[in-house]
Amino acid sequence: MAVRIVFLGPLRDLAGVAERDAPAPLDWATLLETVGPQLAEQLREERVHVACAGKVLADKTALLARDGEEVALLPPVSGG
Amino acid sequence: MAVRIVFLGPLRDLAGVAERDAPAPLDWATLLETVGPQLAEQLREERVHVACAGKVLADKTALLARDGEEVALLPPVSGG
Amino acid sequence: MARKSRCCPRSAVARLALSGAADVRLLEAGLSVGEALAAFNAAHPQAGGVASFLGKVRPSAGDSPVKALELTHYEPLTLPGMEHLAEQARKRFALDGVLVWHRIGVLTPGEGIVLVAAAARHRRGALEAVDFLMDHLKSAAWLWKREKRGIGWHWIEPRAEDHAALARWQ
Amino acid sequence: MARKSRCCPRSAVARLALSGAADVRLLEAGLSVGEALAAFNAAHPQAGGVASFLGKVRPSAGDSPVKALELTHYEPLTLPGMEHLAEQARKRFALDGVLVWHRIGVLTPGEGIVLVAAAARHRRGALEAVDFLMDHLKSAAWLWKREKRGIGWHWIEPRAEDHAALARWQ
């Protein structure tokens, strides 16, 4: 098994895919490396959040996704 | 013909009728006399308005209703 | 001239073709909020937002159950006053459309008393217009309300907070 | 796991039995404001007032005609977040009931995007709850919106004034 990375909103356009898999475990440094420099730059921005296993991380740099977990990359929202 | 006096809201209860006629012309002093002391006391209160011929009077003491006109006695409102 | 014949309210149910930018009605019979808002919404397809408020007869006032509510109006003033109010709201909040419907007569708990709706480009304007309309209908429209509870009918007067709410707009 | 299968929105039209004090839905198909508000109103007969707001796809953004709007969500977060928001509003404004429906997928101009409604004892609470809910849905719910206009799709981000509106409640 692996970790699934899900790209939301404009990050999906940048990634060119809705989701992709990466080897587990996945930490912050490996995530940045995995998604490439352009997305990594976005992820470092304060207004971009990261969720792991259905929970938004208070500190995204503390990410540690295990086998079978899903990591979602969440750019600024706009509903309503 | 005459002037019709229309009682609204709680003033209708006080008057005991919805409307009554009075001889024309009808001025403020005659109105107070016509409606009796209890209603006159109410009419003198600032929050009670008087309309003549479909217009609310800015100064009710300047009332001068002519033949065929309707005078409405308007207590504080409560809609909504 | 009988009081009744001077009143020309239209039924909320029978006519759902809304009239132009401001649809203002005094209704003697039921006020169907679903149909009214569906029609209002359809009449203003270009608006970004539609806000509404429906005021209903509450089942109790304090500890006393309310058996009925009666609303009296004065034909020469009430509807013209409401039309003027709707026009003020339309201009002040740059509305695409406004709806102001008020029941008159005897109502029972759960029935709608008043429905206002505002269609605007942005939500702030629509919500503020509804607030403005309700504050004015509550204490500045020519309507008199009494409740039947306990041993009889009781006239309702605006509370101090209603007057304060109205003063916000001046 | 396909994205689609994780999503379990219910149709607005098919189920008009509303669920308890808070009815929160993500909808893939049309949002019928008339039916929704009629059902919501009927579900809360004891409330003195029902306020609502319907946000719709505008036909243009600035000078450009809008051809379509797309809303993306993230199943594990979006509906739970909206449910939490509805619960916050219910407690904060002492609501008898609250309705929060949001469309997802592709919408065309004139279609409803979001419908919120609040039933409360007094009108102030109901109107404020609607304001609160809209401010939060606009810039604090897990939804992403893009518009098709001119030569392609454009992502929408909350404006500074949306963030300012949200800050009012903190």
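Order as written gives the chain letters A, B, C and D; numbering starts at 1 within each chain.
The working rule: a contact is a pair of C-beta atoms (placed from the backbone, for glycine too) under 8 Å apart; a residue touches a chain by one contact, two chains touch by 3 or more.
In this text the structure is predicted, and so the values were computed from the model without any measurement.
**Student:** Could you tell me which chains make contact with chain B and chain D both?
**Tutor:** C
**Student:** By CA centroid distance, what chain is farthest from chain D?
**Tutor:** The chain farthest from chain D, judged by C-alpha centres, is B.
**Student:** Averaged over CA atoms, how far is the centre of chain A from the centre of chain D? Could you give it in whole Å?
**Tutor:** Centre separation, chain A to chain D: 26 Å.
**Student:** Counting in whole Å, what is the centre-to-centre distance of chain A and chain B, each centre being its mean C-alpha position?
**Tutor:** Once rounded, the distance between the two centres reads 75 Å.
**Student:** Report, in whole Å, the distance between the mean C-alpha point of chain A and the mean C-alpha point of chain C.
**Tutor:** 50
**Student:** Specify, in ascending order, the residues of chain B that touch 2 or more different other chains.
**Tutor:** Touching at least two other chains: 80.
**Student:** Among all residues of chain C, which ones touch two or more of the remaining chains?
**Tutor:** 55, 123, 134
**Student:** Taking the top-of-page definition of touch, could you list the pairs of chains it picks out?
**Tutor:** All chain pairs meeting the touch criterion are A-D, B-C, C-D.
**Student:** Which of the residues in chain C come into contact with chain D in the complex?
**Tutor:** My answer: residues 32-35, 37-39, 41, 45-56, 58-59, 109-110, 112, 121, 123-124, 126-127, 130-131, 134, 165.
**Student:** Could you list, by residue number, the parts of chain A that touch chain D in their complex?
**Tutor:** My answer: residues 6, 8-10, 12-13, 18-19, 51, 54, 56, 70, 72, 74-80.
**Student:** Give every residue of chain C touching chain B within the complex, in rising order.
**Tutor:** Residues 3, 55, 71-72, 74, 76-77, 102, 113-114, 134, 137-146, 155-158 of chain C touch chain B in their complex.
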